[in-house]
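Dropping a structure here in structure tokens format, bear with me for questions.
Read from first to last, the chains carry the letters A, B, C and D; within each, the first residue is number 1.
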Amino acid sequence: MIKVGIVGGTGYTGVELLRLLAQHPEVELRAITSRGEAGTGVADMFPSLRGRVDLNFEDPAKADLAACDVVFFATPNGVAMQQAPALLERGVRVVDLAADFRISDIAEWEKWYGMRHACPEWVERAVYGLPEVNRAVIREARLVANPGCYPTAVQLGFMPLVEAGVVDRDHLVADAKSGVSGAGRKAETHILFSEASDNFKAYGVPGHRHLPEIRQGLARMAGQPVGLTFVPHLTPLIRGIHATLYARITKEADFQSLFASRYADEPFVDVLPPKSHPETRSVRSANVCRIAVHRPQDGDTLVVLSVIDNLVKGAAGQAVQNMNIMFGIEEKTGLWQLPVLP
Amino acid sequence: MIKVGIVGGTGYTGVELLRLLAQHPEVELRAITSRGEAGTGVADMFPSLRGRVDLNFEDPAKADLAACDVVFFATPNGVAMQQAPALLERGVRVVDLAADFRISDIAEWEKWYGMRHACPEWVERAVYGLPEVNRAVIREARLVANPGCYPTAVQLGFMPLVEAGVVDRDHLVADAKSGVSGAGRKAETHILFSEASDNFKAYGVPGHRHLPEIRQGLARMAGQPVGLTFVPHLTPLIRGIHATLYARITKEADFQSLFASRYADEPFVDVLPPKSHPETRSVRSANVCRIAVHRPQDGDTLVVLSVIDNLVKGAAGQAVQNMNIMFGIEEKTGLWQLPVLP
Amino acid sequence: MIKVGIVGGTGYTGVELLRLLAQHPEVELRAITSRGEAGTGVADMFPSLRGRVDLNFEDPAKADLAACDVVFFATPNGVAMQQAPALLERGVRVVDLAADFRISDIAEWEKWYGMRHACPEWVERAVYGLPEVNRAVIREARLVANPGCYPTAVQLGFMPLVEAGVVDRDHLVADAKSGVSGAGRKAETHILFSEASDNFKAYGVPGHRHLPEIRQGLARMAGQPVGLTFVPHLTPLIRGIHATLYARITKEADFQSLFASRYADEPFVDVLPPKSHPETRSVRSANVCRIAVHRPQDGDTLVVLSVIDNLVKGAAGQAVQNMNIMFGIEEKTGLWQLPVLP
Amino acid sequence: MIKVGIVGGTGYTGVELLRLLAQHPEVELRAITSRGEAGTGVADMFPSLRGRVDLNFEDPAKADLAACDVVFFATPNGVAMQQAPALLERGVRVVDLAADFRISDIAEWEKWYGMRHACPEWVERAVYGLPEVNRAVIREARLVANPGCYPTAVQLGFMPLVEAGVVDRDHLVADAKSGVSGAGRKAETHILFSEASDNFKAYGVPGHRHLPEIRQGLARMAGQPVGLTFVPHLTPLIRGIHATLYARITKEADFQSLFASRYADEPFVDVLPPKSHPETRSVRSANVCRIAVHRPQDGDTLVVLSVIDNLVKGAAGQAVQNMNIMFGIEEKTGLWQLPVLP
């Protein structure tokens, strides 16, 4: 059994980690911490876990995280970079679900996240946890930077095209729509039910933190910098990301086959038949990315549709997938539940 | 392995049965029928099942249902009473998720369902599949009448009080709210998104088909007829029933303990601590009923709050629970997934 | 023109007052205050008002509210009782949309609201602003206590029965469902979209602040104390209250006629034909209460269904209605917009 | 008073026309027809209109539409082209809310709409009813082809750029999201609440009927053909369209000023300040288009955000606006209600 700890379990990625890990046959949940909720029963805060998760939230200062094999950080940005190094040095492996170790360029990270980075040396050693790109290095990683939700959907959607060099990589467009849970569980006015329900809006058009992360990932695939316009939207659904991607064709290819063969061996990427329109609910609560490729009116522009559950393949599920890879167990373990539909 | 067939799998109880049975370790899905969709791949209609359920819908006339150990009818009312007897006579066990075998009084059934009953003899032999009441007889049943969604939530909520005879059984009130999936997947105007979203209404106040079913169940518990006012409401959520129950106290008791002890050994009924307010999402996609008991201002009226997922404990999950009991396997098998929250 | 001021305009009752008053042909909006948003343009906070409301939020200390004919308090409980008296003494008329002046029994108010009342003398002089009961005295009132949202829906639904003395007034049951906007615009976790959407729950079952207000109102109608069980529920819709009311018949009557004649001259109460089920959306954004009366299976229990828009007839609309009455203008002025459906 | 008739009033554009026209001070509603609902009271079908609209639906064969000054067709595509000519020949002016007269190229229309056009001669004489482009000719029009909802949002968003010739007109991208009411009130499975709620998907990516309409409109503005990729999405909100538009800059300009000056005199187009993100709810139930222009990271791609209420500026409201222009009355008459928010 893998001994697991969670730092910061009161948000949505935290409770989703708990849901997945509590049902994982190779995992023993050892500790979960929360500064604000120390002493509270996990199941008192999240009644969906009643009778199934007996842990209490512990004070981070008191929890024996060093006794764990792996610790997940489900904390706000800036926490893991403070606390993970001590654990890493004691041999604990770490998966950070926040952004602290995602961007290699420290100056770029500091610009977008508005703080000074506390341990650049670990950024270098961190592995970007997108298994479809980095499976081999994740296996050996001590520290995995779990990708953001938008970056997962957008990178998986563009990857076959960018790797193959068949589209104009200077003018990619990603129009992405996210469910409200992507904004977290912190009480803020704009994500109140009465604000976000029966409403739709773009946000962060001048610049969103996931932009540099996506650009970095696509650039690595391309072997060169890429140009990307990224527009996120807040959508009145709880879970789900739908990325609609636009790319100008520069080289003819059988685009459907390109996707099918790129993902042929990937257990968690599903390429749909031609003319398909994936729905976010078709991946609800499951660790899957479903993708469809279109070439409207046989023109020169490709449209890729890519959907994930932001809390699963976009966060907690992908974190567990990374853990499975790191510990050499079957990648699907604990991640094979069917989506809940309707 | 239990060989399972499903008749009528294109509705919401059908796809929910598929979700649960496809993940059930003791089940082999053999056939699923649909008159209208014969030939269509199940996963083409429900993409959430892609790669996991390979069956096609079959013409009911051609499917070899007699080779199954058990057949679930997820059909409209009036179908199972026509088709189940032939299977039953060949030794196949049957669970009917519709209402055909729920009401013992044939005349009463015919009045509420507006048709002539095709096989009253099997109504007599059918067992009402509420495990918390009938576990022992379900074990031996050849034909199980799976309870309705409202009747499950309301009966489980009133049961300890009615059995103990501590409330006025002539004037019970059940104010029940259901998610829209309870109305099925047939295209009708009043359940369109633009009609049912951001809207709330009661319906069927003059009389709803679940009323005689609930009254029959409560009368059996009471050993005498009961009086019940039942008002269902259509609520803008996909899944979930919330029953708010009102009963006048006729005899003092420790009501919290009454509930706790009545359900102490029930794996799928969760009695919450005093002062709790169960949320429908705390049971979303799981086979659980959560209940709280209140006595506001220490008055003479009890308020019981009872929540289920109408598609799981209110339909497909309870059907699988009944199957587990009928086949002598551990009751929780295939039904132990955690609720999906948020 | 009536010169109008608003204290505390950043919540939902505030913006709804602005929507109604900005379109009111007899009103001149003079000032709107907000401690936190002083200097911000009203239309910058609420873009729905762009080009139509030019006011900025003003510091309450600086706003010349004494120059107004009437001031609306759309503030949290406890503010109006501090600030209204000074205005009242200068001859300004006041409509308080909060609870400060609703409950005559000061001790009772202090118990439920958890604070000491600052001006009991004005409680005595305040008029409870339910026009269907108090129209004549509202006309002369200097201070109107605008009713709560639940109390409006519940009192209008019970009134004809309670006044006529035809039901058991000791055991009334009000099962009420509210849209989330009823909880206000303050950022709190439980009303986040990801918490309140696709979810349903009761709350405040042990005791809700609107209970004493409703009891007081019904007792006045009855001329004697009443017994009431009141259970509010949080419903995933933005606007709307649906009260489902239960009362035991003690005296036969033509209940439909009772309602029809009681409300025959009321412009804002609509009694539906027998067998009707009012929907909350049928009153969305409009100052109407729609009511239906049922006697299921000709039994001894009446069921009344009463719907309002909690922000209009349950708050801002009723406040404007009270203003119209106070200033002797046609009651429908500025309140005659049709509901928005779908 | 303008005598008005409506053909086909049982859909969402029909009831929205009724809401607007019943409150229009210069309109006398004379007749509304529906083949299926002849004899039914309008307010029985739409209780939001109770007490305010006394008409019954009439059999189209019997209604005296020729006595009207103007008739609105709120019918499915293909009806107006059959029935409007007879009215037009008798001097009745017609506004068609469907697509029959929108596309000048008959062959193109027949390809996209899959039927033979019944009166090409009236297509020539029809005026495309986008007032911001065609106000002068609308004034004289006998037949107005009211624009589609997507086409309104997309054309208004691209217009200043395309007219000024400052972007690459061969590679425009319109990523558009619509509320479910845009799909109409006909009962179809994919728009059921349980299908469309908590879900998001693209549709019609291979080709949507609004594509040729938008291309025609943009081409007229450009004075040359344009290239457009158009992807519509079904969004879980009742009303609202959000178009996110992408265009490559070919000529530098002050883009904010371009928009501001183009729409300076337009009463129903609101250009937001730089860095704004319009929300669909900010135009809910109102005849407004709000637009924001962005140039992310000062790159070479412009992003325009354009929102309307699909039933108002995208359908019934624009139709009334066209009527106002046709009859020479103040354009805002009956269209000046404030949006309903929240």
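The criterion applied here is as follows: a contact is a pair of C-beta atoms (placed from the backbone, for glycine too) under 8 Å apart; a residue touches a chain by one contact, two chains touch by 3 or more.
What you see is a predicted model; the values in this text were computed from it and never measured.
Asks: Could you compare the number of C-beta pairs in contact for C-D with that for B-C and name the larger?
Replies: Here the pair linked by more C-beta pairs in contact is B-C.
Asks: Round to the nearest whole Å and give the separation of the Cα centres of chain B and chain D.
Replies: Taking the mean C-alpha position of each chain, the two centres sit 45 Å apart.
Asks: On a C-alpha centroid basis, what's the spacing between chain B and chain C, in Å?
Replies: 39
Asks: Rounded to a whole Å, what is the gap between the Cα centroids of chain C and chain D?
Replies: Going by mean C-alpha positions, chain C sits 36 Å from chain D.
Asks: Give me the residues of chain C that touch two or more other chains.
Replies: 12, 179, 181, 194-195, 197-198, 236, 238-239, 278-279, 281, 284, 342
Asks: Is the way these chains touch best called a line, a ring, a star, complete, or other?
Replies: complete
Asks: Quick one: which bits of chain A touch chain C in the complex? Just the residue numbers, please.
Replies: 12, 179-181, 185, 187-189, 191-198, 236, 238
Asks: Once bound in the complex, which stretches of chain D touch chain C?
Replies: 12, 15, 19, 22-23, 46-52, 181, 197-198, 238-239, 270, 272, 278-279, 281-286, 290, 336-342
Asks: Which of the residues in chain B come into contact with chain C in the complex?
Replies: Against chain C, chain B makes touches at 171, 173, 175, 177, 179, 194-195, 197-203, 205-207, 227, 229-231, 233, 235-240, 242, 244, 246, 248, 275, 277-281, 284, 294, 296-297, 299-301, 303, 305, 307, 342.
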